[in-house]
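Following this line, the structures themselves.
Both complexes shown next keep chain A, but they swap its partner, so chain B is in the first and chain C is in the second.
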Partner chain A sequence: MALRTYAILYLIFLYAPIVLLPIFAFNDGTIIAFPLQGFTTQWFEELWTTTALHDAVGNSIFIAVLTAIFSTLLGMLTARAGAMANFPGKGGIIGFIMLPLVLPEIIVAVSLLVMLRQVLDMDLSNWTVIAAHTLMSTPFSVAILNGAFQSLDPAMEEAAMDLGENRWSAFRLVILPLVMPGIISSMLIAFTISLDEFIIAFFLTGANPTMPVYIWGLLRFPAKLPVVMALGTILVTLSIVLLSMAEYFRRRGLRRAGVEDPGGFI
Partner chain B sequence: MTADDRSALIELRAVHKWYGDYHALRGIDLKIRSGEFFSLLGPSGCGKTTLLRTIAGFEPISDGVMYLDGRNVAGVAPNHRPTNMVFQSYAIFPHLSVAENVGFGLRRDKRSKEEKARAVGEALEMVGLAGYGARPSHALSGGQRQRVALARALILKPKVLLLDEPLSALDKKMREQMQVELMKLQREVGITFILVTHDQEEALVMSDRIAVMFEGEIGQLGDPESLYRRPNSARVAEFIGMMNFLPGSVSGTTVEMPGLGRAEVAAEQLTSGSFTGPARIGIRPETLSLLFDGEPDRGRVAPGMVDEVVYYGDMTYYDVRLDGVPEPVRISMKNLIGRPVLDVGTPCRVTWDEQALVVLPAA
Partner chain C sequence: MAGGLFSTERGRTVALVTPPFIYALLLLALPLGAIILFSFWQKDGYDVVPTFTLENYRAFLDGEVYQVLLGRSLKVSAIVTVITVILAYPIAYFISFRVPNNRKSLWLFLITIPFWTSYLVRVFLWKVILGYNGVINSGLLQIGLIDEPLTFILYSVNSVIITLAHAFAPFAILPIFVALEKIDRSLLEAAQDLGENRVTTFLRVTLPLSMPGLMAAILIVFIPTIGDYVTPELMGGSGGKLIANMIQTQFLQLNNAPLGAALAIIAMLCVTLISLLLIFLNRRWLRV
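What follows is the complex of A and B.
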């Protein structure tokens, strides 16, 4: 009973601010305060006509898509190595790959900035953000894909090879279809992480801001606050949809492999 | 070259397998003939699967040579060996239909689509799954998965079919049915089957020949009857069926036993070779009989007392204390009409036959 009360209070604490987003996004007033002024879709219309925002969204999507691809590829390599072979130092290596999960982002951002600018003398661009976002989202991809690869019966690949396939074709014909739900789930999560990420993008972005960085810029103009609320509403909705899809694919993957769900990752 | 050598389809010479510093196969010498139903029998962990996987090509051997169909297969990948495997887990591809599973190995085949479809149909019919082709494979029962795995392996017409404990996941009834079906299938297709099992009854029922393995070595190799009647070691005797052991001694072919006295045996009954001195003398429970009124003795009779009775319906197992024998011996008796089931504590007479003795050196 006490536990349930705690859980409910926790959820209210967690989600109350998010509920405010759509409320003020449709509120007909520039000041973010109760009482509400009436219903409008004006802020959403304003979003539609701001070209600077469109550029930022375009940047963000470009970065998020490539981050999703890179981190999923790296995740697959790691998960497969982890599931297949036992090699010296395996535990330590996996530990290091998972480390960005717990490192403070601001530290990662600052050290990456120093590294890229001072040591490598590179120009900041979308690509530097992609590299950093890949670093941040790879642990999530590894976690998801580890589940997908480890729930695979190792005899599946051997059976394919026994029936005439080589390593690569066995992977393509049997392993890949079976872990595909995990791959999709990993791409969706990495995409979402990259799309929402602010601190690293703020430090490493080049001339073209990503969407979160652009939003941060808007905050200096109080009149723009409702627009930010409208944008936030869209983002939250999109994140929820993408994460639900990711979870759906993750579960479907486990079902396909014929294993009990060992508990959700999300 | 003898006739036996020529028909050896598989030959292993001094094959060793190391996993790191674990010695999993310790010098396996083995010839398996063409068309034979061969079993690898042994307790869990003795290396049966390892041996099967080296033949399939999934594990490289660490030392020794292996010939498949006259060819040294060192370094030959599984897809280039004339073997196919039925995995313990069956490894049915869950994202493919039954027909797609069965036809998987035909992907690189040059035949037309229609011919391949016909081959798949025939393979399914052979394993009793005609008409199941369009079904999704993840909805199959254990027995059906096993049949799909069989059809999938046999469609490639391998020279050798390798089966790793294929029946262990099935319930008892299904298992017994599949034993018969597998034997029939093997006779039908004439392909060499190598079956891995830890179930001695399964091996006895199904095999032409059996290799009994312990700790990475072959303890004894032979047909089911010779393994059962003439085990060459106590552990083979105890692994296959039940065996009473009496302490005694041997000199030449003369055996001396407490309680049972002196007996003459044939040289072949000294199954691990002839020797003189202390011996363990093995007698199967069904070669000892309680003597009921009016039944003929088999030349030799020893007095004793019933110590324990286990009634099985068709059979009764008695533990009998023989005068002068330290441990009770187990005797199995058919419950024939008119034969009473004796109570614990009843004095009784036991008859036995020297031809049934197996003489081994004392441990």
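What follows is the complex of A and C.
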């Protein structure tokens, strides 16, 4: 019982900051502090009329969509290989692909910056951010897709090939539909990661900031803080919707493969 | 023979894993190599000249500010890790041993949601909570528990620690949970049949068996926290800056990439050495 009480207190600790978001997003005062002033939708209206923000959101969505596609493709290859025959060094190779999961982000950020700017003399753009975000999200995609590929019964592919399908059509007609929920879940997670990522994006964005880089700029202006709260409210709502969808598809995938839910994303 | 690589399953596995591996080599191994090389080069005005020098490492040894920042970074990461893991263990235990199977993923989902919401906004919200006119101070003032706002919780190392401990909570819970799930429940019954009580069963069976997860949790919190510059920048004030802030400043403001690279490598080496030491010291628990 004591454990349950502790668990609930812990959840309150986890959610405490987020609960404040909508409270101050609708608060009619420029200072983010109690007592509250009154109800307003002014800050949301200001979001609607800020064109610089719209550009940043557009950039972020472009980057996040492509990151989701690329990291899911790389994740599928890795997870599929992970579920197949072993060869010497396979564990090391997959471990290396998963390495960004534990590397400090600033190390990834500065080393990519040095290579792109000083070694290759490339200009920074949305594409440099996409390349870095794909590197960072691939391990998450692999983790999600591992569940999908490892629960597959190899007999299904063999049966399809015995019935005259070639390897590619067997994959397309049998495997792909079975792992599709995992693919959707992986794309949603990678999209969410990319949309939120700041540390690397701050180093690698070109002339057009992503949304978190734009928010970082706003944080320096006290008068803009209520607008940040309004934007934060929208982002949190969006994240929760995307994650709930990802979780739904992940579970559906597991049910389809007929395995019991081991629980959790990672 | 044409298509020879694809005729065996092993060949197909190699073919599948090659593209992601090459991608990781190009965007991870190559840049890491570049940054190591760079740390031995010289800054000359706005350019970097490829002459070998140990100047950047000497700057670290001579510059007390770098050592103070690195020391503080390691200390903050260590404290954050200890707090996060100690707070997380009971939660992982609760979900694994007390929550019925069909509710486990709901609990894990609830715990991971805050982690996926905008990191910047979350850090900023802690400023709102801990601030001079923040939720805690204005709340305590209104109840009359304090006469003037508490200052030790904002713009100090303490506020950095609280914020980071919150940010990394799910990272600690998930690996411990996975390790606890793997424990064969009949071992616990056996221990109790053999006369252990609940406390000694936990200390002598559950805890040792969950060590791999505990270790993973420690590393997955300790290593990334060293690379965070957002939290110390927003929450740390002047006395709470960390090594990552200095690396960021060297690269983006002072335009001294070689020194920044050397600092990044030193920080990375320290973290790696401490991690290896931890694994080595706990090696007898990690053989599963």
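Some notes on this structure:
In the analysis below, the second predicted complex is superposed on the first by the 264 of 266 C-alpha atoms of A that agree within 3 Å, B and C clash if a C-alpha of one lies under 4 Å from a C-alpha of the other, contacts with A are read in each partner's own complex, and residues count from 1 in each chain.
Definition applied: a residue touches a chain if its C-beta (ideal position, glycine included) is under 8 Å from a C-beta of that chain, and two chains touch if they have at least 3 such contacts.
What you see is a predicted model; the values in this text were computed from it and never measured.
Contacts of A:Ala155 after superposition: chain B is touched, whereas chain C is not reached.
Legend: residue contacts after superposition of the two complexes on their common chain; A:Ile175 is shown touching neither chain B nor chain C.
In the superposition on chain A, contact of A:Leu47 is made with neither chain B nor chain C. Contacts of A:Leu113 after superposition: chain C is touched, whereas chain B is not reached. When the two complexes are overlaid on their common chain A, residue A:Phe24 makes contact with chain C while staying clear of chain B.
Applying the stated contact rule after C-alpha superposition, one finds that A:Ile130 touches neither chain B nor chain C.
Set against each other, chain B and chain C touch different numbers of residues in chain A, with C touching more. In the superposition on chain A, A:Val228 makes contact with chain C only, while chain B stays out of contact range.
Judged by the document's definition of touching, no chain A residue lies at the interface with chain B and also at the interface with chain C. Here chain A touches chain B in the complex through residues 153, 155-156, 158-166, 173-174, 177-178, 256-258, going by the rule given at the top. Taken in their complex, chain A has these residues touching chain C: 3-4, 6-7, 10-11, 13-18, 20-21, 24, 31-35, 74-75, 77-78, 80-82, 84-87, 90, 93-94, 96-97, 99-108, 110-115, 118-119, 131-132, 134-135, 138, 192-193, 196-199, 203, 212, 215-216, 219, 225, 228, 231-232, 235-236, 239-240, 243, 247, 251, 260-266. Remark: chain B residues 56, 58, 77-79, 83-85, 87-89, 91, 93-95, 104-105, 107-108, 138, 152-153, 156 touch chain A in the complex.
Those residues of chain C that touch chain A in the shared complex are 8-10, 12-14, 16-17, 19-21, 23-25, 27-32, 34-35, 38, 48, 87, 90-91, 93-95, 98, 101, 104-105, 107-114, 116-122, 124-126, 128-129, 131, 133-135, 138-139, 142, 166, 169, 174, 177-178, 181, 219-220, 223-230, 234, 244, 247-248, 251-252, 257, 260-261, 264, 267-268, 271.
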